[in-house]
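Both complexes shown next keep chain A, but they swap its partner, so chain B is in the first and chain C is in the second.
So, the complex of A and B:
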């Protein structure tokens, strides 16, 4: 580990801290319907959308209506995306003549992009035409991000309202989020990326002749516009197969920094929105502090693990020491332009949030280094998390934490002035069980049957990690690939599709039920027995509960993968 | 092409109609695959709606 590397990580954390409050303030005003500068400019567009769609913005919805609207909207999005991929050979904006995407890959990709996962069992530049990239994948990048934020808002309203039957209007939340937050920010970011060298065109790929006289096809297209929402919406699906390790998708260190900041910016800002909407900003800072502690530990472990020399290379003429000419440590699978610190930082950020964009190859990390992205996802991506998803995920964990605290002192648990009773706890448990159900079930089956093991590139614990990581990535709606797994098969495409669906909507639905139940409740006045939820004790309890729930659920599986591999590596065996 | 040995069966053993249908559905070049997968997609969202109503009653 170098001082320079630590400084870069500290700089990133400082930028996020500085952005959190202004972003939170802006988003609170937008979602509350208050007047903003951008609201005055785009207000007529918003009202025109409501008129066109027949939406009454003054009418609010019961949580069940909200949930059904959300599900039907996402279903229509998935069907349109499926059709676009199946028919792409007949559609315009396809200068490379990409053929129809296979049914199972279309199924997988449709669910993947609708659920904000962006798992890609394909290489973008060799599979998707420009129309699918723009009107299919990029549109879903916006819609899935806005869906996540809308849900987080609904849950926050559950805490902030008293005796209410409604939790907001899904169509209004979706429209405001897209129109006022995502779209303007993405336009600015797209222009910045184009300025920095990211392509944005509709031309055919360029055929170049190399110095050796060979022909090489240089892929390009509408990259910048997809890149902006890919990072800001924590989608992560790359235009190119190499994702953000491709020089056209990440041309320099400045773009790399902006991409990393974009992944965390909205998620961090939403914690401030939460604090403002419940009437105490410190509530939001406490949530962000819990996220921050887990982020710093994760990035610290990942960077430390990757900065270590690989013991298996000790006897070989490989320079693994830090010097003026060598970065030292394990450089395999790293983005060599940005080094170990930035690759470890990017890997941690992308799996803390449900982004999934990558600049390095997690499969090539040291076992403990690869463990960090895996654990980040297994914890439910509550460390800032996906836009909206991170906030509602950690609020569910906060409910469990307060339930545990209530059990300790024999008092009905409360959080933000709301009593947590049987309904909320049952719904929280249902939401928390959804992920392990599909991850562990499909990992176990895929590890035991030829359909699953046929796609694995490595034996032993490393092969197990490849399968485990894929289902964890799907269920957590992350979408990053560990690597080494040939997932474009009927088995993986269908089971990962189901995994992504359950990991998204079987958490969203109970979370909305909690929002509805909480909104109907009256607020309990603060008393001497109220557990303070703005201090270090609450932060420690929350972090502890997240780690214990995650540990109890996944430790056996984690032990079979990266932990065994690390021990085997120390004993001289590799896979 | 049926995928791997997982679904392979003894050719001399009569196959149950359910298993025949199941195996057919797991063939990648099955002409019905579009129908099956779109039905699965819609079915998943239908399951989500049913789950929401169940959560309301719970």
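So, the complex of A and C:
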């Protein structure tokens, strides 16, 4: 670890802190329909969309209607995406002549992009034509992000309203989010990325004759426009197979910094939106503080682990020490322009949020370095988290935390002035149990049957980690991978598709039910007996609950993978 | 509930057109006007119009008289059997890493082989980036230490003085942005082109 590395991590954290409040203020105004500059400019467009599409923007929806609208819309998105992949050989914008995507891969990819997971069992430049990249994948990058944000807003309204039947209008939330937040930001980011070297064209791949006279075919495409929403919407699906490690998808350290900030920006801003909408910004800051503590611990461990020399190479004439001229440490699967600190930082951010973009291969991380992204996902991606998904995820954990606190003092638990009763707690537990169920079940099966073990690239405990990581990534809707796993098989495409679906919608539906139940409740006035949810005690309790729930559920599986591998590595064992 | 069907279908189609066609195609037009070189992939073209490569994409260098880039794990389809793949370093149409874990025997063996290729010894160990594969398989850069490590070999193969080669490397070491962001690196293709320009007889 170097002073400069720590400084770069601190710089990133400072930028996020500075952005949180202004972004929160802007989004609050947009989503509550207040006047904004961009709202005045695009207002007529918004109203025209509603007229065109048969949306009554003046009517709000009951939580069930909201859920039906959300599900129908996501289903439509999946169908369009599936059709585009299956038919791509017949469609335009396909200069490389990419052939129809297989049914199981199309199924997996459609669910993957609709659920904001962006797990990729394929390599972009060898599988997808430009039309699929643009009208299929880019569109779902926008829509799945807007869906997540809409849902977070619905849950926040549950807390902020009293005696209400409705929690907002899904179509309005979706449209405003896309039109006023995502699209304008992406236009600016796209132009910045192209300026810095990210390609944006529709041409065929370029054939170059290298300095040594060999032929090199260079993949091209409309990369920048997809890259912008891939980061801002915490989607993470790479245009290219190497994702943001590809020099075209991340040409330099400045672009890399912007990408990292984009992953956290909306998620951090939403904590402030939450604070503002429930009438006390400190409620938002407390949530962000809990996230911040876990983020710093994660990035610290990951950076430390990756900066270590691999003891198994100690006998070889290789210089693994860090110096002014050499990055040192574990450089396998990392890029020189990013080095150790940025790669560890990016890996932590991308799995804290449900992004899943990578600038280095987590599969080649040191055992404890790879443990950090894995644990981040297993904790439910509540550390800033996916856009929207992170906020509703951590609010569910806050409900559990307050429930536990209520049990300790023998008082009906409250959060943000709402009494938490049997229905809310049951729904929360349902949402929290969905993830471990699919992760542990499918990991166990895949580790035991040949269909599963056939895909493993590394032997020993690392191979188990590859399988475990895949299902954790799917259920948490992350999409990053221990990339050695050959996942483009009927078995993995299908089970991971199911995993991603459960990980998304089995949390969204209970969360909406909670939103509806909370909105209908009265607000309890603050009294001397109210547990303050803006101070360090609440932050510690929340972090404690998140770690205990995650720890108790997954410790045995984690021990079988990265922990055993670390011990074996120290003992000098190779596989 | 049935009232939600029309918005579901029409908004899905509307946003497919807006975010999937209007937005990327407009961005492509604007990018082409504002930043034509970058939008096309930062290509390097010779005087006769042939494309030599991209400033951003690494190339596979094997000749003694060039600086070598990092090992690359990219593959290509086996021309004899389309169900298999073969090693094809710096295949810029199929980016990938090795995905070998730290306890992998294949990793240790490969690193040993690459260290031997550089003639590394205990007293003259090779910098780690030169024997580890990059994430993309297309890393255009090596570390400054990695470049200086190869000066003697390149100078000998070209019949240049080590001082001359070293000063070329000095000129190609790119520092951190504002002295803070990113890592120091040397673009191998740019360095090798400068080498050819400075010493054409090396060809």
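Assume the second predicted complex is superposed on the first by the 574 of 575 C-alpha atoms of A that agree within 3 Å, B and C clash if a C-alpha of one lies under 4 Å from a C-alpha of the other, contacts with A are read in each partner's own complex, and residues count from 1 in each chain.
Everything below uses one rule, namely that a residue touches a chain if its C-beta (ideal position, glycine included) is under 8 Å from a C-beta of that chain, and two chains touch if they have at least 3 such contacts.
Here the structure is a predicted model, which means the values were calculated and not measured.
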Overlay on chain A: chain C relative to chain B, clash or fit: fit
- request: Counting touched residues of chain A, say whether chain B or chain C comes out ahead.
  value: C
- prompt: Who does A:19 touch here: chain B (first), chain C (second), both, or neither?
  reply: neither
- prompt: Where does A:248 make contact in the superposed view: on chain B (first), on chain C (second), on both, or on neither?
  reply: second
- prompt: To the nearest 10 degrees, what angle do the lines from the C-alpha centre of chain A to those of chain B and chain C enclose?
  reply: 100
Message: Quick one: is A:201 in contact with chain B, with chain C, with both, or with neither? Answer first, second, both or neither.
response: second
Query: Does the superposition put A:297 against chain B (first), chain C (second), both, or neither?
result: neither
- request: Based on the superposed arrangement, let me know which partner A:107 touches: chain B (first), chain C (second), both, or neither?
  value: first
Message: Applying the document's definition of touch, where does A:72 land relative to chain B and chain C: first, second, both, or neither?
response: both
Message: Tell me the contact category for A:451 with respect to chain B and chain C: first, second, both or neither.
response: first
Field: Partner chain(s) touched by A:505 [first = chain B, second = chain C, both, neither]
entry: first
Task: Pick out the closest CA atoms of chain B and chain C after fitting on chain A and give their distance in Å.
output: 11
- request: Jot down the residues of chain A that show up as touching in both complexes, chain B in one and chain C in the other.
  value: 68, 72, 75
Query: Hey, which residues of chain A end up touching chain B in the complex?
result: 63-64, 67-68, 71-72, 74-75, 78-79, 82, 86, 102-104, 106-107, 110-111, 423, 426-427, 430, 449-451, 454, 489-491, 494, 497-498, 501, 505-506, 509-510, 512-513, 516
Contact footprint of chain A on chain B as seen in their complex: 3-6, 26-28, 33-34, 37-38, 40-42, 44-45, 48-49, 51-53, 55-56, 58
- request: Could you pull out which chain C residues touch chain A in their complex?
  value: 1, 4-16, 18-21, 23-25, 27-28, 30-32, 34-35, 38-43, 50-63, 66, 70, 90-105, 107-108, 111-112, 115, 120-122, 124-129, 131-146, 148, 176-177, 180-185, 189, 192-193, 196
